[in-house]
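First chain A sits with chain B, and in the next complex the same chain sits with chain C.
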Partner chain A sequence: MTAKTPILRINALTKTFENFTALHGIDLNVDDGEFLAIVGPSGSGKTTLIRILVGMDEPTDGSVWLRDKRIDVVPANKRPTCMVFQSLALFPHRTVGQNIEFPLKLRGVAPAKRKERALELLDTLRLPRDYYSKRIQQCSGGEKQRVALARALAFDPEILFFDEPLSALDYRLRKTLEKELKDLHRRTGKTFIYITHSLEEAMVMSDRIAIMKAGHFEQIAPAEEIYARPKSRFVAEFMGEVNFFDLVNGTASDVTMSDSAGASLAGQTGTLTIRPESLRRLGEGDSADLSFEGVVEAEYLLGSRVQYRITLASGREMGVEVLRENAVPGGVGASLTVGCDLKAAHLIADAQSTEDTPNAAA
Partner chain B sequence: MQRRERNLGLLYSAPLTIFLFLAFLAPICLVAAFSAMPEKVFSLTQMPDFSAYRTVLEQGYWKSVAWSLFMAFVATLILLVICWPLAFGMAKVFKRFTLVLTIGVVMTLFVSENIRLFGWVLTLMKGGLIEGYWRHWTGVGFDAPLYNGPIIVFGLVYVYLPFMLFPLAQGIAMVPDDARQSAYDLGATRWQILKEIDLPLAMPGIMVGSLLTFVLAAGAMAESKLLGGRAIITIADEVQTAFTYGQNWPLGSALAMVLIAIIGTVAIWAISKADLDKMMGRKA
Partner chain C sequence: MKTTRFRSGLLVAYGVLILAFLYLPLVSVGLASISKARYLSFPIRRYAYGWYEEAVTSDTVRDLLIISLKVAGLVTILSMVIGFFGALAFARYSWRFRKTYQKLILLPIFFPQTVLGLALLMWFNALDIVPSWKTAIVAHLVWIAPIATLIVSIRAFSFDAALEEAARDMGASQWQTLREVTIPLLMPGVTSAGLFAFLLSWGNFPLSLFTTGADSTLPEWLFAKMVSGYSPLVPTVGMLTVLTSAVLVLGALLLAWAIRRLRPTD
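Right, the complex of A and B next:
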């Protein structure tokens, strides 16, 4: 990891509910100023984790440290952290300005000073200053989002937590706000910990991504690494569509290997992971390290790209995605040969395959 | 189409409108008319002279009005304080126990107010349930805590508790949990959450509950008669006496008009002051 000091340390954190273990002794270090995204499907324990981190829930075992201070024993209203809720949790009976000033009012900051800070924050969030006296109900979804952010920043937290705050917004607004959030992170230099079920969202914004599954971290790494070198089938699948081929002692059914590829995979066992978009069409005389022959089963237009589902000789299906100009002429029913270089494929060695890890929900 | 719906609406609402007019507005008009008549007449054909109102002012009836309003005010305040935690529990904490509590409180309404108050008299009177047993076991007796002002307020609190409890629970149920959690996360103490989040967002329930209990308590008389032994005569009691023993319909009417005017003013003032939509943040 980087040379920076961790601002947050999570130590063997466990959370057990009556007959269900939500977190299995997880460890995590977060660097000062980092943007960390915690990604996982629903039920993976990410919401339980963030609730413990902000103080709305207590861990069964383990500890949470903010720099040198143990905080899991500190009540939420005494912690120097705060959270932007999924619902935003704005106060409907207060104006935009009063919402932003709320944490300052609690601390007894003088009204004039509070207002000054609120106006500054409106500038920071690129909201017009006359929104100060606007009612929350008059704000659009994106504006409310910014007000919630401004309120959290007024608190001036050491760490800012986000609980899927963009999930309720429409696609375009979400895309805009993702970029704004990343920009805001850069400008404020604060530590952001962001929970989402969308890996796409996490990739746009974060420095590192922690993938959660059934109460433990499956992989914690920068986005490129998670994409290119997933540690398990679960991580690979979470990143979007992917083709898996079981490799046993250097051979895999349906996969034709070039001599060099065959040599470098010789004797290895695991799961060969190939993304649909790293495949290319192979014409007469073209060659690739790994190649696959099949018949086009279905065709989906994705704007600038085209996706195919093809059936291989053994009957199994495979996803292929190519640029529109490389579309298969015959469409459905045409036979197709695709291939990729060995470096575009990733081998998950067997020991790391998630199929071997015990199911946490059991 | 819209016009037709409008006409249909008027048609459907007509029976209730007519009923309300006859059962609610007409008696008030009748009382208002009687209040203007010379005292001790039983017809509306005399020349109005408003002499009953002079009697109201000169005979010290204002004391009964003041006592009624004061006791209603105190009872409302006490009810707010004791019902808040209970209502909060019903709205946010108790879950299934809420139903048990609701049924329990509603059940008391199945028994007439007078009978329940008599029950309290039997419980509290000298030689009653409490004092009797106490004297039996210890040999020392004590005076019954009956026939005074505070016991009347106690009676008002007891009788009107449901009218505060349920609107309050409704109001508190409307406070979003995430707003409370978020305030806590932003550093608010329990008191600050109560002051900044709970009270303002539950205000519609507080208003409805307070208004209901205040208006009902201000017009109450059974508590004063049974528990209070008429230690304090309420205005409603005076009205009844004027109509019955006094055989002075215009005086009773004038007293009733004064009470209606005062309570109506308070109610209208409170409702206009409290823009319920605005409080809930519904109005832009």
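Right, the complex of A and C next:
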């Protein structure tokens, strides 16, 4: 990503309801042309945030800037932004064409011009042109998504917001549309801000991911960094299964360290995070920076991979995921040793130790 | 197999009997209207159609018709408007006294109409308003507008709030949102409310009796003539009243059907 000027700036934004604070003075800059995903569990404040950004709710405090114009004081219908709703909000009493033309009609664009643009957008969204006169009720779930997108693009917004529009679709269709959406972002060059509770969805599409928790951002970073170097246990867990080991002054129970690993972790305190898929089986004579001995408790087949739940010496459990060809012979009940390199593990330093999270690999 | 057929036959017979029980009185009114005899008596020995001619040409009947149509027509239009906005307040927007409003609106419907009529008459007197067909409109509205509101509310409850927000988001002003989204989506509810309002006002007797003053609507006249001065003109006008309602209902259904048929091809 090259450095660009921010198109959207959020400044100390706070939203308080009667006896509940949904947003705690959050800050965020969004680059022009960026695809930003805001991810969080339900109740984390992401919907409140997007509603404030498009103008359907008012912030209690703070400001929102579009380039150099303050927009949190501008009513929703005067903002150059547009949102694709979770329910899509397609008008059931209008045809596909009339839905797409709606924002143009409001602007007083001539009917012939409107139709021309609507047909162009049907092409862009890869919908047949004869859908123009189809009724919304006659469209399938995926087609409705495309119509909603076409309508939002007809508005030609500076920023396009999405409020979990894919959440109601089945898995395969969702996967297809995720890729289409990413492709559409590339082709239009517009700024997309996408809200979802699925980090997986965010990973596929976005340039950067903002993880939200209880009204603030836990971490804002490119997908790769969120995955490899989560800033907190919350982010690490949100990303999928993960094993945590408490590291106190360079030692952790259940973890056997090689001399070099012991040296680089010496004196450090925090949480050592290890993804199940970073671990590999260690045979006789194999060594690793970090190793663990345990007994297979359960075995789950995941197609090309196998996942194990193993019990370590202290009785705590750990997840291990290996390729099918490296499956543990004997399965449940077998003893095994697994390990990983230090650079595959990530240390989340305790909040009080340092402001900057030191990476175990560094 | 045989028993099922027997049972379904029994059910059909039962249905026919119920319908006959409900509709035979209407048929008897119809028969009475074409009887030549001056008094109500069965079986009818001689038939005549002169009373229909009399009804169509009579000035009294024409005046009655005009008053009834004026009252029902205005009640319909006002109920549709009140019902539309009333339903938005009832079902769509959250505001401070919404719960209270939702309960209060049911009150006139639970009142016996005669009591409501009497109360309104006393109220008009207290305000020094001379009762006429105009005060009857107010009386009808007190009872019918809440019903219209409830009918439109059913539609308003199934309305996705995001539709209005989406329109706003795409740049629609409040008036444009109302015109482009809210009104078209609530229209089916408003139309049925209007139809109900007309039928309820057109056939209303107790409220009209108390509040029309010197004016008289068709149901009032039917009752008055039944009490004293019966002639076959009474069942004749009765039949014409029923026919008016029937034509209106069928016309509305036909219109709805035609709109549905025409829409997909736009």
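As a working rule, the second predicted complex is superposed on the first by the 349 of 362 C-alpha atoms of A that agree within 3 Å, B and C clash if a C-alpha of one lies under 4 Å from a C-alpha of the other, contacts with A are read in each partner's own complex, and residues count from 1 in each chain.
The working rule: a contact is a pair of C-beta atoms (placed from the backbone, for glycine too) under 8 Å apart; a residue touches a chain by one contact, two chains touch by 3 or more.
This one's a predicted model, so the numbers in the text were calculated from it and none came from an experiment.
Superimposing the complexes on chain A yields a three-chain arrangement in which chain B and chain C clash.
In the superposed model, A:Ser42 makes contact with neither chain B nor chain C.
Of the two partner chains, chain B and chain C are each touched by A:Pro92. Using the contact criterion defined above for the overlaid structures, shared-chain residue A:Ser133 touches chain C, although it does not reach chain B.
Once chain A of one complex is fitted onto chain A of the other, the partner contacts of A:Pro103 extend to both chain B and chain C. In the superposition on chain A, A:Asn19 makes contact with neither chain B nor chain C. When the two complexes are superposed on chain A, the residues of chain A that touch both chain B and chain C are 54-56, 76-78, 82-83, 85, 87, 89, 91-93, 102-103, 106-107, 135, 151, 155. The touching residues of chain B, counted against chain A in their complex, run 176, 178-179, 181-189, 192, 196-197, 200-201, 279-284. By the touch criterion stated above, chain A contacts chain B in their complex at residues 54-56, 76-78, 82-83, 85, 87, 89-93, 102-103, 105-107, 135-138, 151-152, 155. For chain A in complex with chain C, the touching residues are 54-56, 75-79, 81-83, 85-87, 89, 91-93, 95, 98, 102-103, 106-107, 133, 135, 151, 155. Contact residues on chain C toward chain A in their complex (touch as defined above): 160, 162-163, 165-173, 176, 180-181, 184-185, 263-266.
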